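Each structure below is given as structure tokens.
Two complexes are shown next, each including subunit A; its partner changes from subunit B in the first to subunit C in the second.
Take a look at the complex of A and B:
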């Protein structure tokens, strides 16, 4: 009994530094950031409070509105395409094909590259005067056009293409691990029943690998919210501001444009958006669990 | 052999020791700046040499990227271990530091060295807060230059550089007909804004520019003259190639170097690219202010000097501020940097023709215009650049909408 008490004390003590870091570094700076968003700070923090002025200015800034809209387009397409593509790749690899290791490496390899490198490579490929468009035209197909990054309407989809290329491999590996975890007996049983393979994947395997899907969605979602480097390297937010994302807005106003209050207002809005998505999900995960029977 | 090595090592140690001892004799100034490219670091090296000639020791702290360098410097100032001097862009960038009392006032050095008599007024205004001087301006980067490729002009049969925007548009048509990219542009909105500002000065004139950017006068923004500038700016959309949006400014300059493009609007830092490619001014490429004006939009760099309780640091700062603005130091630095000296009393004969022209123009106060970064805070400048970029890239954007949103944007400058 006494021993257990001491063990608990030791555990608490050793966790204290982590708690301190969590409280001071994370929560503390989060609160400070939110506080700054209510001031008139420019290059340096000040304590001159101006209420919701920065938020008013933020939502009358067309660049911010464009960024938000782009975040939704980019986020939805990026997550959905990555999931579908990753799952299909995983299923393909799960057919016990030859050179599986080789394919796995090839598909996962883009993920080892930073978004800066990814962005730069795709920028060159999609540049109409250097890349794919020029090569195809040089081959004789004169009317061929692939100038997404130069087009106001399509630049945001160029970001999706590059992002998917980079992240789909990771989803594939996660899903593949899930597929390999499916009991072989189950497959045998479905074969005995004569159920077609695609039906098994959709109705039986997908629900079984739900944890992998959730993990993928969380990882991809984090990637979407913090996406900054990809835009900077691929389109620079352009043409004009057609492919701006909120992360870049915050960084620009924090440093180059020296308005940290506006930048913090923007990041606070981002935080609230993320919480608005996360809280219901956490609620579903943790609070409804008690009423559910174990599977 | 072993003995020899030992002796050699000992020698090195003693030598290095002596070096350190020597170095500690003069006032030591650690300087944070972001001049890291080839030409830039060659330029800043001349300052280090001038400073050591004056008896000081320059400790170089180059940090790539202006944002990073400034952030590092400000962090050190807040942390109580400030460097002796920090590079900033001239203008509103260091307003907050002055307000917080973090910068030294340089009135004594300025009076002793006649800064007030020799600096152009926009520069003097930009370094003065509440009647005191807080920064040492070392160069003037002209913002409204137009560069042209002689080779491309030859291909298109253009004999002389344009003297006005009317002539320029005619030339752009000829370049287009000759199969050359008429306007070498890059995707950064700040550089699209250079074209807009050049046009505003050449077409709208000195007074309109001042009213719009310095006085934030909404009436001037709503005037027919301003709208005409906006409409004319839209015409440039027809003269760029498909790949501009992901290009960087120096890649655009190299289109002029390779004679695949006709003209580029860029500040005089573009000269560095021509020099690097060993192109001769007047033979391979040429320069025009405007075109069609002698008004010179003045930007540039300054050093600020953080307050310090250390008497040694203060002495080093005094010597540094004085040395940087001597004509010799300014000439050596600006020759390498591509800019012109901030003082108007410097002998320009060592400089190239473009620089000599610019220096001659700004001798007349009526030709001196402040860059918008000198008269508006960085976030307002940023939103104007965003707007100009959006307008340029979207042909459906009407001039009336532009005028309305422009007036909105400058009203935030207060």
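Take a look at the complex of A and C:
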């Protein structure tokens, strides 16, 4: 009996580091970071509380407003294109095609690479003087333009292209798993009824793989909110501030512009954005089903 | 019509890689089939083109690159840029090549992968087999933390690590990777152990084995598959990290991604595109190798990372 007691103490002790990480590194940091956003801290944290001043300043900073606007454009396009492309690729792969493994390997490999690598590759591809644009023009299409990274209006779409290239494979994998989970009887039944395949995909299969779609949206969405590396590597936020995103705004104000209170106000807004997506989803995904209770 | 879709979990996703397509039966070569292959091949070109261009550029001399034929095969094949990228590429005034970043990344990678997996395995084990108060709350909260952008924790963690004296050091970045790797690793092992037969644990208890003995002699030896998945996830994840390495590792220990970005996006002098692309390939090599060698395990890793719960 005494032995059992000691063993349980041991189990409890073994989780202490995890508790420490949760309470100090996650919860503590988060609260501290929110707290700083209500002070007038510049390069160093101060305890001079100024209420919501930093938030007011944040929402009158044009760089932040541009970042937010870009977040919406980038986020919506990136998520929608990834979903559509990922789904189409998954459907195409699910047609008993030849070389399925080869195709899947090709579609997914960019996902193994970092956003820095992704950004640098596409920066070179979109190089206005030596990149794709030059090659296509040399073929005779003189007005072809693919100099997006140098354009104030189009730089944000360059991020979408590179991002989709990196992440569409992920969606494909998830969707393909969903499709493979669909009962084979469904296909037999609809074939007997003479329903065209595209109809079945849209009306029956899509609703069936909803969990995969939701998961993809959450994963991609959170990736969008925290995106930093891709912007740094591909456009550096430019030209000017044309392709700034909130994730980069926070990092810049924390470590280069020495305005930590404003940065923390921005990161708190990011946090709230993520929570708005996360809470309903996590509730659906995890808390509703319970794992096996520990013995 | 009885239609069912299995609940998404890492096992079904991994299994989907082996199962046969359940779509419609193949027809003869109809217009639809041709369209299908046309779509797949177009997509494959979109995904492959950047890698092709990157490789070709890295193998050309600079004067050939200045001609602007980005898709052309090199007229004179040269590995000079590769060698230069590895051993003499410049970041600022240091011209020791990207090999510096490579070794830094290795130094960061090995302990980070080890500690994060060790922590995850231990947490997962304690959470699934022992009656520990608050374990479920701990797990749920950790999982929650895994989704929050790093930017939220960044500044306080910098101050904390500076207070502990590990800011700008390998130890510092390893600790940070272990902290941020912990939720996913815990999830992985907890779910894996939850799927093991409880009798395994009970039998060991009856034999008188204690907490650590069961962990090291019963659980870890049965954990090989999940350890492989965890290693793949952490190796690619930590190697590809940029933000944490930039902030916590310090100038002396910059990981390869950070150094690569400095090399390519430095504004001084003429841009050496072939060297840049060679350096980029070298930086991508480790996770790519991991991807091509591990095959389905990589997909399983993604699945486990994707479906948290």
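Throughout what follows, the second predicted complex is superposed on the first by the 254 of 295 C-alpha atoms of A that agree within 3 Å, B and C clash if a C-alpha of one lies under 4 Å from a C-alpha of the other, contacts with A are read in each partner's own complex, and residues count from 1 in each chain.
One rule holds for everything that comes next: contacts are C-beta pairs under 8 Å (C-beta built on N, C-alpha and C of every residue); 3 or more make two chains touch, one makes a residue touch a chain.
Keep in mind that this is a model prediction, so the values were computed, not measured.
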TODO: Report clash or fit for the pair subunit B and subunit C bound to subunit A in the combined superposed model.
DONE: clash
Task: Which superposed partner A:129 touches (first subunit B, second subunit C, both, neither) - done: both
- [ ] Report for A:47: first if it touches subunit B alone, second if subunit C alone, otherwise both or neither.
- [x] neither
- [ ] Based on the superposed arrangement, let me know which partner A:181 touches: subunit B (first), subunit C (second), both, or neither?
- [x] second
- [ ] Report for A:236: first if it touches subunit B alone, second if subunit C alone, otherwise both or neither.
- [x] both
Task: Winner by number of subunit A residues touched, once subunit B and subunit C are compared - done: C
Task: Touched partner set for A:203, first subunit B, second subunit C, both or neither - done: neither
Open item on the list: Applying the document's definition of touch, where does A:270 land relative to subunit B and subunit C: first, second, both, or neither?
Closed with: second
TODO: Would you mind listing the overlap between the subunit B footprint and the subunit C footprint on subunit A?
DONE: 123, 127, 129-130, 236, 255
Open item on the list: Per the contact definition, I'd like the list of subunit C residues that touch subunit A in the complex.
Closed with: 1-8, 12-13, 15-17, 19-26, 36-37, 39-40, 43-44, 46-51, 53-54, 57, 65-66, 68-71, 119, 122-123, 126-133, 135-136, 138, 140-145, 147-157, 159-160, 179, 182, 186, 190-191, 194, 198, 201-202, 210-212, 236, 239-243, 247, 257, 260-261, 264-265, 273, 276-277, 280, 283-284, 287-288, 290-292, 298-299, 302-303, 306-309
Task: subunit B residues within the subunit A interface of the complex - done: 66-67, 70-71, 74, 93, 95-97, 100, 187-189, 241-246, 377-379, 381-383, 386, 389-394, 405, 412
TODO: Over in the complex, which subunit A residues touch subunit B? Could you list them?
DONE: 42-44, 57, 61-63, 123, 126-130, 147, 149-150, 152, 155, 234-236, 238-242, 252-253, 255-259, 262
Task: subunit A residues within the subunit C interface of the complex - done: 3, 6-8, 10-12, 14-15, 17-19, 21-22, 24-30, 32-33, 36, 45, 85, 88-89, 91-97, 100, 103-117, 120-125, 127, 129-132, 134-135, 138, 165, 169-170, 173-174, 176-187, 189, 191, 197, 204, 208-209, 211-212, 215-216, 219, 222, 225-226, 228-229, 232-233, 236, 247, 250-251, 254-255, 260, 263-264, 267-268, 270-271, 274, 278, 282, 285-287, 289, 291-292, 294-295
